[in-house]
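You will see chain A twice below: alongside chain B first, and alongside chain C after that.
Let's turn to the complex of A and B:
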């Protein structure tokens, strides 16, 4: 399901399946994008932040056009205890690789990987980032 | 043959891309087919142009023929120039029969009586367009062939498209000659400029697809399918919002291709409005500001702003009124009186 912001329109509530992973896409070239994500975060139930939320930052290929400080994004990731992935969606190779990563994360968050929960995965991601 | 003419022909040929030279010389028709056969079009352009000048020498070309070649070049590459639109007005409603010979005679006579040294060339095209090339001189100097003005006139309309040379001082004389020759009363410059001559014609002749508000809603089959969203596994949560934007966009811009404009310029002469505590401009003068939008295809990019999520729909009418108002240069002043809103000056 793709949406431009949260909350999701209520008229489709009965049609929606269970949500296993929320990916917030931030375009590093647009401050509006970050503001929109920050505003939408307020509508997410706290239980999602145990490994079912991820931030995807795109547009990192164009260094000259960055409008958002990378620090601001890392702080966001820390504040919400969620991993931050950086990518460049305009490049096909990177796009495919990112999609595969997200798919793997989704499998874990949906409980399809035995012995591995969303929470343990997010802790794994966080620890390896700090190293 | 005059040296200046030879040099002018040589330089004109040099401007033409190598693959197009043969076709343009054929259109020109000054060199015979036999002469064209002797030319080697596979050498460097420098040599080609020298050979062309040689042949023109044999045929004793003068400036008049050289000017025709120049018109042909500029007609083919008309989008390299910047065109302005002028509108002529008649006093009465009499529909006079347009006589081309009469027009040419009067135009020439008017210009030549004011300025002895001018080169005037006419060429008619199938779409009723009359192309006029004018090279300007002074009473003491020969016309400067490298900075001519071009005029495109469709005799059945009151519109004239002018690509003036840098010498702007000749513009009033040119306008005067046009109204005298075409039996109009006066002429005014419209605030409409673009590189694309055809788009300017589309706008003033109302040939672009305008959106007419109908009361019957379009049947679902007629709606264009968005490319790339055929995958049924992707569910768009904001579909109704997307459709609203699409509908508003279609109302504002219509369905067909947009005329090609490169700029929209808004000159603001409005008061700066700030909160009273800030007291930024204590003189209360109009805040002079110029906003310019530029793009290789301005209207198409404006049309894609809302669907791309970069602007809210509906777009400001100041942007969407450009083809209907036939202008892309605006002056925005304060509305005087009780309601201090800005309005667009005529």
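Let's turn to the complex of A and C:
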């Protein structure tokens, strides 16, 4: 399911399946997309931040087109204890690889991979320097 | 600080293409005349090889290298080096003046980040400005790269850096007849390219910046963000267009103008050093 912002329209709540993973897409070339994501985060229930949220940053192939402060996104990931994936969706190969990664994450979040749960992501997020 | 106004005036009101340059190995300031001779010979040799610089015109190129001690920030900075290519057409009379066809300037303004731990034999002049035909830039660049084992790279300016520049420069005090603060945006994903130009009265821009900046002489990321957000929301209120979703490609103020392709024009001698300091910082981050 794709949405341009949150919250999702409430009319369709009863038809919606369980949400296992939320991927926030940020385009490094658009400050607007970062602001949109920041505003949408407020509508996400706290329980999702135990590994069921991730940030997908696209446009990183062209550093010279960056409209966002370089550290802003990693700070966002730290603040919300969620992984940040970097990619370049405009390149087909990277797009396919990214889709495969997200699918794998989704399988884990949906509980379909024995031995791994969404909580594993939160644990992996801990910076080794913090320990 | 303005040194000899004549010399620094050379940099004003010209469109300079920016490059970052890695430190030069065994560059000796006492040998500028020798270097000029060697570069001159190199250019003549390249011409012979058929690198026609200007077709159909017989030109003798003279090379002059000089130091510009006025262009440095701190004591540790290397004084700038100016390279000028001048020509006199063989057809014109003997006593006519040489015309400068190409200028290049290596400089370093507050480049302590780079020069701090640099070994003895290296000279740090990370910012290079070029004005004139691209073919000359290429020839001069190759000679420097071969002779001093350095690398030149075009320095592009991201929309993020451009927004810093416009916020800083719009806040500078300028005289009554100052030109407008202009921002040019390029709209992506359209079948035909669309550019949006947003011009603001310089006094309004300065007034806005003054309400935002807390400590004079200091600028924070938050302050730049607030400044840009104010401009964007004002535009959105009037035109229902979200500029934050477009690409900022050029900024112009009375102090200087800058384009994302790495082309800069400096307009105000008082702030020349400040602009060069910013550009030096960009060049250094591209090198590191």
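Basically, the second predicted complex is superposed on the first by the 124 of 131 C-alpha atoms of A that agree within 3 Å, B and C clash if a C-alpha of one lies under 4 Å from a C-alpha of the other, contacts with A are read in each partner's own complex, and residues count from 1 in each chain.
Please note the rule applied: contacts are C-beta pairs under 8 Å (C-beta built on N, C-alpha and C of every residue); 3 or more make two chains touch, one makes a residue touch a chain.
Keep in mind it's a predicted model, so treat the numbers as computed, not measured.
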Touching partner for A:47 - first (chain B), second (chain C), both, neither: neither
In the superposition, chain B vs chain C on chain A residues touched: C
First, second, both or neither for A:9, with chain B first and chain C second: first
Touched partner set for A:1, first chain B, second chain C, both or neither: first
Which superposed partner A:63 touches (first chain B, second chain C, both, neither): second
Intersection of chain A interface sets (partners chain B, chain C): none
In the complex with chain B, residue positions of chain A that touch it: 1-4, 8-9, 12
Touching residues on chain B, where the partner in the complex is chain A: 234-238, 240-241, 309
Of chain C, residues touching chain A in the complex: 156-160, 163, 188, 221, 225, 228, 242, 244-248, 260
In the complex with chain C, residue positions of chain A that touch it: 29-33, 35, 63-70
